[in-house]
C-alpha cells in the first residue's frame, strides 16, 4: 500500500466502527462501509480515531478492524489512529498496523501538555518511538484535546521531524493556521499535507487557504469529494453552493457527543452499516433528535434537486 | 423599564461596544447601534457580555455604557452582564446598573467551579448578593467557561432561586437541555425564560424545542427576529429556508476570537457603528478573512433575493 | 490470594517499576523490591499506578509485571492499577490480572469527567465492565486527574456499587472527606476501606480522622508502618514525632514529576532496585537535586537517632 | 516609598484582609496586623493577593486597604496584587495604588492563556498598560492559575520587559526554575529579584538555589525571616533545623481553600487580628480541624524550646 506523504491530497473519511446490536464487532458492515466510503468519493480512510470509538475496543479488536479495513481497501491508503496516554502503547499499535499495511498513523497530543516545549518534546518522542520510516499524521484538535499548538510551534515540530508528513487540521478558529503553514512553505519550509477535520464545517474556505482535502467523517463523503474537486478546479462558487446545501446537516452532525449518533444513524439509513448502535457510554438519538435529522435530510434532498 | 421575567420572549441582541480608532468609547456609535438593533428587530439588548469586551472597560466606562444604552433604549429592556471573579464586584455593578434602570443582570459561572454543589452554591450566593428583587439571567456557556451544568443541576438552581428568571442557553450540544427544562416545567417546576446564544447556529431547532427566542449578537438581527416569528407562527419550513440562507455567515461569525472582529466588521459595513476596531488584545481581520466575509455577504444577499 | 475488601487495613506501597539502564524491565529488581517493601512494613502492594510508569509499558509487559509481583508476594495482596481512557482496556487488563491472582483493581476517573452525573455514571460502567465480583479501589486524586468528587457524590457511588470496596484517598485538601465518609457510615452507610495517598504528607491526621492506612510510594515504608501502628495504638504524639522526622523528605518526594526520580533514587540507594532510571520522558535528578536529597537523608538519619 | 526593584531581598508577607464578624473591613486590625508583620520580621508586605480575599472586595475597599496599609507601613514597601480578567481593571487599580505610594504591583496570568506566545503577549500588554515606570512582580503560580510558564518563556518575558523586576516564584515543582533563572543571569541576562511563595514549603532549598527571600503568608513570619537570614549567613543546617520545626504547620497551612482559614485562625490566636472570619464563600475550621491546628501549634512551641 502506498503510504501517505507530504503530497497526499483528497478525502480521507474518518470511519466509524460498526457494531451489532449485541455490541460485537460487525464484520460484514465493516466491508460494506468500506465499499460505501470509496463509492461515495473517499480516496482513503482513517480508522480508530475519536469517532471510531477506539477507547471501547480491546487491542485485539483494534488490530482486527485494521486488518479487515486495510484488506478491503485493496491498496487504497488507510491511516490508523494510535493516540494513547503512553508511548509504549503508541509504539505497540503502530508496529502492528504498519505490519498489516497501514499508510501511516495519526497521533493527537495528550491533554496534559501545556508549554511549547512540552508539545515539541512530545512529538520528538513519538517519532523516535514509531521510527523515522513511519508516516505520522499530527492531529491538531484543541477543542477535544485542550492542547493549543501555535503556528510557530507547529512549524518547529514540522521542521524537526521529517516523519510527520501530514497535519489533520481541526483547530477552531483555524483558517489562519493553514495560511501560516503555506506561507512558511513558500519561504522555504518543507511541505506537509493538510487535510481538514472539524466535520468539514469550513471546507470551502480551508481549500481556498491551501488545504489538500478533508479528513473527517461526515456521512455524505460525496459532498467532501465534490467540494474538493470544484475548489481544485477553481469553481469556488459552485463548490460553495453545494456546500451550503449540506451545511445545515454538517452543523447538526458536528455536535460533540451526539454527533456520532447522528453520523451512524445516517450511515445506517444509507445502508452503509446495519446498525447505528454504539458501545456502552455512547449517546443515542431520541425521537426528537431523530425527527430533526430526518427533517434536515429531507430538506437536503430537496435542495440538491433544486441545484440540479 | 420593564424587568425581564420568566415569560420574556423575543430577540435580545448581545451588543458590541463601539470604540473610536484611538480606543476611546464612541458614544455616537452607541446611539446609532442601539437604534440599528431595534430597527432590525431586537426586543431588547444585552450589554457588557463576553462579546462586549467588558474586561477591557474601566468600571466608570461600564456604567457610562449602561447609562447611555438604557437611556437610548427608551424603555425597552436592557440586560447587563456583571460576571466577575468575585461577588463584591458583581454586587457593586448590579446595584449601579439596576439604579440606572437595567432590566436584569446576567451571570456566568467562574471557571473554577467543578462539582454540582459548587455550582448550586455559587448561584445561591449570587442571588443573595444581588438581592431577591433583581432578575438574574444564568448564562450556561460551557465552551467558554469550562463549567458543565447538567439539566438536573440547572433544575435544582432554578427551584432554589426565584431570582433566576431566565437561562441564556448556549451549551453545546444543548438541544436536549431545552427539552429537559420544558419537560420538567410540564411536570410542575416553575417556568423560566430560555433565550438561546451560540451565535444562533441552532436557532430553528431551539425554537422547536421550546426556546423563547434568541440572545446572541449575530450582525443581522432581522434573521433572528424572522426565524423566531416564523417558528412561533408554526411555519418551520419557511423559518429554516431563511435560516439556511444566513447559516454560512452565522457559522463564520461563530468562530471564537475572530468572530467578534467579523461581527464588528459587518456592523460597521452596515452603518451601525463607525469603526470595527477593538481595544488591545482584540483579533483583527486580515485581507484573506475580509475577502471571505465579503464573499459570504454577497452570497447571502443573492440568496435572500432568490428566496424573495 | 485474599482480595482486598471493605475492612482492609495497613500499608499498601505503590510500587515503582524497575528498569535496566537500557530501558528493559529489570526482573531481578522486581523481586528484590517486592521483598524490600514487605521487609520494611508493607501489608500489600499496588502496581501499575501513576508512579509505576504504567503508560510506558506494553500490555504484555504490564501483565508480566503483575505476574511476577503477585507470585513473589506469596499470598499477600497486590492491587493493580487499570485506569485507561476506555472501558475495553480496563476490562481486558482486569480480567488478565484477576486471573493471575490480583487482590483487586484500582481505577481513577478520566480527566474529561465534570458533572456529578458523569462521575457516578462512569463508576457504574466500570463496575459493570469488570464484574460485580472484582474488588474495585476508587482513586480520588483531583490534583492529577482534574476530576473533583464531592463527599456526597463519593457517597452516592459507594451506595450504588458494592464492588467498590476501597477509596484511595488523595484529595487535597481532603481531611474533611475522610470525616464525611466515616460520619455517613456511622449513620448507616456501608463501610469502605480508606487508604491514603498524597505521598503520606497528612498521614497522622488522616489516621486520626478514621483512615485505615496508607497507599502511597514513599521510599521508607517503615515510616508508614510505624505511624499507622502508633496511631492505631493511640500513641498520636509518638506517631507525629516519627512522622515529623521524615516530613522534610516526604515533602521533597511529593513534588510532581521529579518526585518519582527522587523515589527511585532512594530505592536504589537503599538497595531495593538496581537502577533509578526511568523510561523515556521521565524526569532525572541533576547534581543540585541529588545533593538536596542526600542532605535530607543525612538529616533524617541523624534525627532518627535522636529520637531513638 | 522605595519601589521594589531587581535587587529586592527579604521577607514580604502576603497579608490577609481582616474583617469584622459582620463582614465589614476591620481597620483597627489592619493597623495591628501591619505592625505585627513588621515586628515578626517582614521587610515589606504584599496585599490584595489571592490570600487577601481580593475578589470579595469592592474597588473602593481595595483602595481603602491599600491606603491604610501603605500609610501604616511608614515607608516600608507594599506590593499590591492587581490581577484581573482585563487590562482595564489592572490599569485602573495600578494607577490608584501607585498614586498612594505602592512599591509595585503583582500580576498573575489569566487562566485562559496556553501557548508561549499568548503568555509573552500578555505580559507585553500588562507592561504597556501599567506603564514602563511601574515595577511589576510576575506571579508564577501554575497550581492556581493553570498557566505553565517554562523557564525559557519566563526568560523571554524578562528580557523583553524591563518593567518586570521580580518573580513571585511558586511553580511546583519549581526548584530547577530558580537555578535556570540564576544560570541565565550568570551568562548575561539581567537580574530579577526572586521571592518564593507556596507557603514557604521549600524555603531552605529555594534560598540555596539563589532566591532572594520569601513572599508568602505563613502566620509565623519570624520563621521566614530567620531561615532567610541563616541561609544568607551560610548556616544552612541551623536554617533547616528551624524550618523543620515549623514544617508540620507550614504543610497544614498550605492546604488550598482551608489554608486561609488556618492562617487567619493563627493570626487571631497570636493577636494580630481580632477575628478569623472570612467573607462569604470562605472555608471555616470545624472542631476537628481546630484541634489539629492547636495540636500542631503546641508541638511547634515545644520543639522550638528544644531547639533553644
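The letters A, B, C and D name the chains in turn, as written, and every chain counts its residues from 1.
Criterion: contacts are C-beta pairs under 8 Å (C-beta built on N, C-alpha and C of every residue); 3 or more make two chains touch, one makes a residue touch a chain.
Note that the structure is predicted; figures quoted are calculated from it, not measured.
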Chain at maximum distance from chain B, centres defined as averaged CA atoms: C
Distance between the centres, which are taken as Cα means, of chain D and chain B, whole angstrom: 39
Centroid spacing, where centroids are CA-atom means, of chain A and chain B in whole angstrom: 33
Rounded Å distance between chain A and chain D, as computed from the means of their C-alpha atoms: 48
Overlap residues in chain D, where contacts from two or more other chains coincide: none
Category of the chain touch graph - line, ring, star, complete, other: complete
Chain B residues touching chain A - in the complex, by the definition given at the top: 172-173, 175-176, 179, 201-202, 205, 208-209, 237, 240, 243-244, 247-248, 251-252, 255-259, 286, 288-289, 292, 299, 303
Touching residues (chain side chain A, partner chain C) in the complex: 54-59, 61, 84-89, 91-92, 111, 121, 125, 128-129, 279-281
Interfacial residue positions of chain D with respect to chain A in the complex: 114-118, 147-150, 152-153
